[in-house]
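Just below sit the structures, each encoded as structure tokens.
Heads up, the next two complexes both have subunit A, just with different partners, subunit B and then subunit C.
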Partner chain A sequence: MIEFNVRTTDQGLGVVAPHGRLNMVAARHLRDAINGLIGGGTTRIVVDLADTTFIDSSALGALVAGLKSARQVGGDLRIARPTESVMTVFRLTNLDKVLRPRDDVEGAFDD
Partner chain B sequence: MTDEGTWVEAFEAPVEEATLDLVQDRLEAFWTRAVSVEPTERMKLEMAFVEIVGNIIEHAFAVDTTDGGRILSVVLRADADSIEAVISDNGLPTALDLGSVTMPDEDAVSGRGLALTVAAVDEMRYERVDGRNHWTLRLARQSG
Partner chain C sequence: MSDARRFVVRVVALLTAILGINYVAWRWLFSVNWDYWWIAVPLVVAETYSLIDSLLFGMTVWRLKDRGEPPVPAPGLTVDVFIATYNEPIELVMDTARAAQRITYPHATWILDDGNRAELRARAEAEGISWITRSADWANMPRHAKAGNLNNALLTTEGEFLLILDADMVPEPRILDRTLGYFEDEQMALVQTPQYFVNVPDDDPLGSQAPLFYGPIQQGKDGWNSAFFCGSNAVIRREALMQLGISRYVGEVELGVHRALRTARSVIRKARRGLGQDQHEVLHALDEILHHIARARRELRRGQALFDVTYRFQHRVAATRRQLVGSDLRALHADLAIIAGLEQLSDDPDQSLATIDDAALLQLADRDWSPLGAVETVEALVRSIDVDRGDEAQPVMPMATISVTEDMATCMRVHALGWRTAYHDEVLAKGLAPEDLQTMLTQRLRWAQGTVQVMFRENPLVQKGLSVAQRLMYLATMWSYLAGFAALIYIAAPVVYLILGVLPVSALSTEFFVRLVPFLVMNQLLFFVVADGRPTWRGQQYSLALFPVWIRSFTSAFGNVFLGRSLDFAVTPKEKRQATRRRWDLIEPQLIAMGLLVLALVVGGVRLAIGHASPLGTAFNMVWVVFDLLIFSVLIKAVLYQGHETHAASARVPQTSTARPSDEGAA
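Our next item is the complex of A and B:
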């Protein structure tokens, strides 16, 4: 089963870290976590994928939906530290172009 | 029935959301037995497998069947030439044109599942036989 760690950094970044598999069931929790941050006024969001062991198409959809929601309110959503297998899914779906992976969470909004 | 270097596993599960994690657990357990399967091969089959099982579960919820008797059967098979997963369910037939499956635009929030499946495996087949849906996923292995 998956667990989500949600926090806000000193720089005001919202960080969502899913630990485990991001499948269809987990995708809904991911969407809720992202929406919760945006609803609370945190519009710059980093999804830390370091401990995400698997990702499916519904979780990709949740990330794209989160990206759109964040941008609508002047923010953005970025992904950090994906494993090689998770990154393969981003490449196969061409999502690596809109969700370019960052090397670390704290510096995900440095550029 | 099992030759040396051939691994087979079969199991059944109810069609419900919790089944998704259950079948992924079973798949992981299968990999620990089918030791020669490479991590890249595991990942490709798992990607396709989860999309199809997710699709079946989603479909079942959409139709809202009342008898609660929907069962999913899985047969996993690996040998030196290929890795195969056959997923069967007793749900409604699927109207699907596999030839028209394409990857949606980057900003789409859905519709990637089947395209991802097609991209991940070498063969994906759907058949309706005796009132059951059968999905076959096959990955050819590079080295024997």
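Our next item is the complex of A and C:
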């Protein structure tokens, strides 16, 4: 079963770290977690995929929805540290061409 | 599929192709009567059309695939059964929903009510059936008909597989047990089963059943991994649809951002030209924005991630705008209204972001903007086509929305992503066909328009990711709708000969008959061996007799895709219409054609009698005319058809006058 670790960093970044399989059932929880952060006033969000073992297209849809919500309030959503198997799914849908993964969480908004 | 049958089909298909090419090549090279090119050339073009149609058919059946007994599905798969409804009678929807609940493989049943009817909701929930309608996100957004309805439901549910049913399609309890097993193959995206109609008499006057399509044609397409999705009675893997949705989203955002940046540049340049040389600050700001635009375009060209580029661009433009505020507040007011309207870039609700025509964007660029107005426009432009896709209810639209027949468009895209599909030739759901000519004509027009829309918008011949065979399989279906134009010529040619004595062929020589007749005979033999006992004559009749419908589908789809006109789209009513009188007016073009054909018989007879025409030519053309009349005779039957009356139960359903017996579901 998937677990979500949600925290806010010292720089004010909201971090969502899904542990395990991010599939269609987990996608809804991911959306809720992102919306929860935005609702609480955190508009710069990093989804930390280091411990995400699997991702499907429904979860990619949840990432896109989160990106939309963040941009609507002037913020942004970034992804960090995806594993190779997760990146494969990004490539299948060309999502890697528009959403660039960052190497670490803390520096995800440095550029 | 026995090997013997496949062998016979292949031999006949091959002979048909050889004889057909032999005939049509000879026609082009040696027998066009160029003196009468105005009828001779259209005729040989129509014959070439028919030859290509026949070749595509031969290719389709070359790989007939009978899948036989399906694999047994693994336990524990999660399935959502979707019943899509818009305005069908509540009792009819509930019949289908109850039958769906009785499906034996564990699943969740959902009524997708695009009509948002409180009564249907109450009835469904009283029986423990889930009811959903569009979410608030869809308010004031393009609705995209059935595709939109399904897209909305996809975001509300989470089963691994979806069974899609039209409101009238009553499923058998075993439908999932017989189809889910195919998904053992992890690349299998979709399993289609036949659409069969219970309210159709044996002689099928309206040509409702499609025994050749839901049979050899789908089995042949299946052999080339091109089995089509037909909108209902199909099981789909959610992952395939969602993957399609994401990859389409990426493609549309990329296209949209490129266009928006181009338009933004025009807007700023125009605003800059209207400025006096003394307005240094404003000039400077606009130059800065032009610089931002150029930079963003350059970054995209270099392959930088698009969302990074748009994010930085918007922040830079916002910074520049803050400097500009105050320098020209006066002129701003006039622009605000238009900027607000930018969220809805396109007037046509059926258009998606990537299909917004350049004219709409050019209009924006041509307007006289105040400098601040221009900057705000640029921001709104990029925002509206950036991540949030402000012009659509959902950023991700798995079901294709480019056509009124979302099924074919979606299926082609799924194939292009490399997924497989299957056709399982067993009737597992039974529905209702139109029972009057007008409804039938509306339905056929809609299918034809949708197919032609896809052909114009996403021509299968140039779609990346499809194999050559898959491209040809999609082309074959689109090609068949061109029959309307060929029919006109096949009517005109014998009429022109019998009345005017003009022969489009250089001579009705022995050679002509020796080349033509074997082709015609072999072509019919091909139908015969492929059909394997299924009736094909109705289908042949309607493919010519509905020529005005096919022609209109082309003209209206052309107007829609290239000129931005409405299709006059109509939902196919599932209720029987009250026939108040015989609707001869619906087939007026065909009646005129029949009148001409009969007139040609009379005039041809007279010309023969007074020695103005050759006996052979007259006889040949008269046979042709009689054949045309036999084709059209089906329409007389169709106009006289009163609907299917044999169900005793239909009398029990008051008011709605549906023909559906309430207990059909379990049958």
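Here is the rule we go by: the second predicted complex is superposed on the first by the 111 of 111 C-alpha atoms of A that agree within 3 Å, B and C clash if a C-alpha of one lies under 4 Å from a C-alpha of the other, contacts with A are read in each partner's own complex, and residues count from 1 in each chain.
As a convention for this text, a residue touches a chain if its C-beta (ideal position, glycine included) is under 8 Å from a C-beta of that chain, and two chains touch if they have at least 3 such contacts.
Values in this document were obtained by computation on a predicted structure and should not be read as measured data.
Colleague: So, on subunit A, is it clash or fit between subunit B and subunit C?
Modeller: Verdict on subunit A: clash between subunit B and subunit C.
Colleague: For A:Asp76, using the defined touch cut-off, is the partner it touches subunit B, subunit C, both, or neither? Pick first, second, both or neither.
Modeller: Touch status of A:Asp76: second partner only.
Colleague: Which of the two partners, first being subunit B and second being subunit C, lies in contact with A:Ser85: first, second, both, or neither?
Modeller: A:Ser85: touches subunit B, not subunit C.
Colleague: Go through the superposed model and pick first if A:Arg21 touches only subunit B, second if only subunit C, both, or neither.
Modeller: first
Colleague: Considering only the touch criterion stated at the top, classify A:Phe54 as touching first (subunit B), second (subunit C), both, or neither.
Modeller: It touches subunit B, and subunit C stays clear.
Colleague: Examine A:Arg100 and indicate which partner it touches, taking first as subunit B and second as subunit C; both and neither are also allowed.
Modeller: So A:Arg100 only meets subunit C here.
Colleague: Mind working out whether A:Arg7 is in touch with subunit B, subunit C, both or neither, as first, second, both or neither?
Modeller: Neither subunit B nor subunit C is touched by A:Arg7.
Colleague: Just name the clashing stretch of subunit C against subunit B, choosing from 242-250, 296-304, 368-376 or 494-502.
Modeller: In the superposition, subunit B collides with subunit C along 242-250.
Colleague: So which bits of subunit A does subunit B touch that subunit C touches too?
Modeller: 24-25, 56-58, 60-61, 64-65, 68, 92-95, 97-98.
Colleague: Could you please specify the touching residues of subunit C with respect to subunit A in the complex?
Modeller: These residues of subunit C touch subunit A: 155, 158, 160, 238-239, 242-243, 245-247, 249-251, 253-254, 303-308, 311, 386-389, 395-396, 417.
Colleague: Per the contact definition, I'd like the list of subunit A residues that touch subunit B in the complex.
Modeller: 1, 21, 23-25, 54, 56-58, 60-62, 64-65, 68, 85, 88-89, 92-95, 97-98
Colleague: Can you name the residues of subunit A that touch subunit C in the complex?
Modeller: Its residues touching subunit C are 24-25, 27-28, 56-58, 60-61, 64-65, 67-68, 71-72, 76, 92-100, 111.
Colleague: Applying the document's contact rule, which stretches of subunit B touch subunit A when the two form their complex?
Modeller: For this pair, the touching residues of subunit B are 17-18, 20-21, 24, 39, 43, 46-47, 50-51, 54, 57-58, 103, 106-113, 115-116, 119-120.
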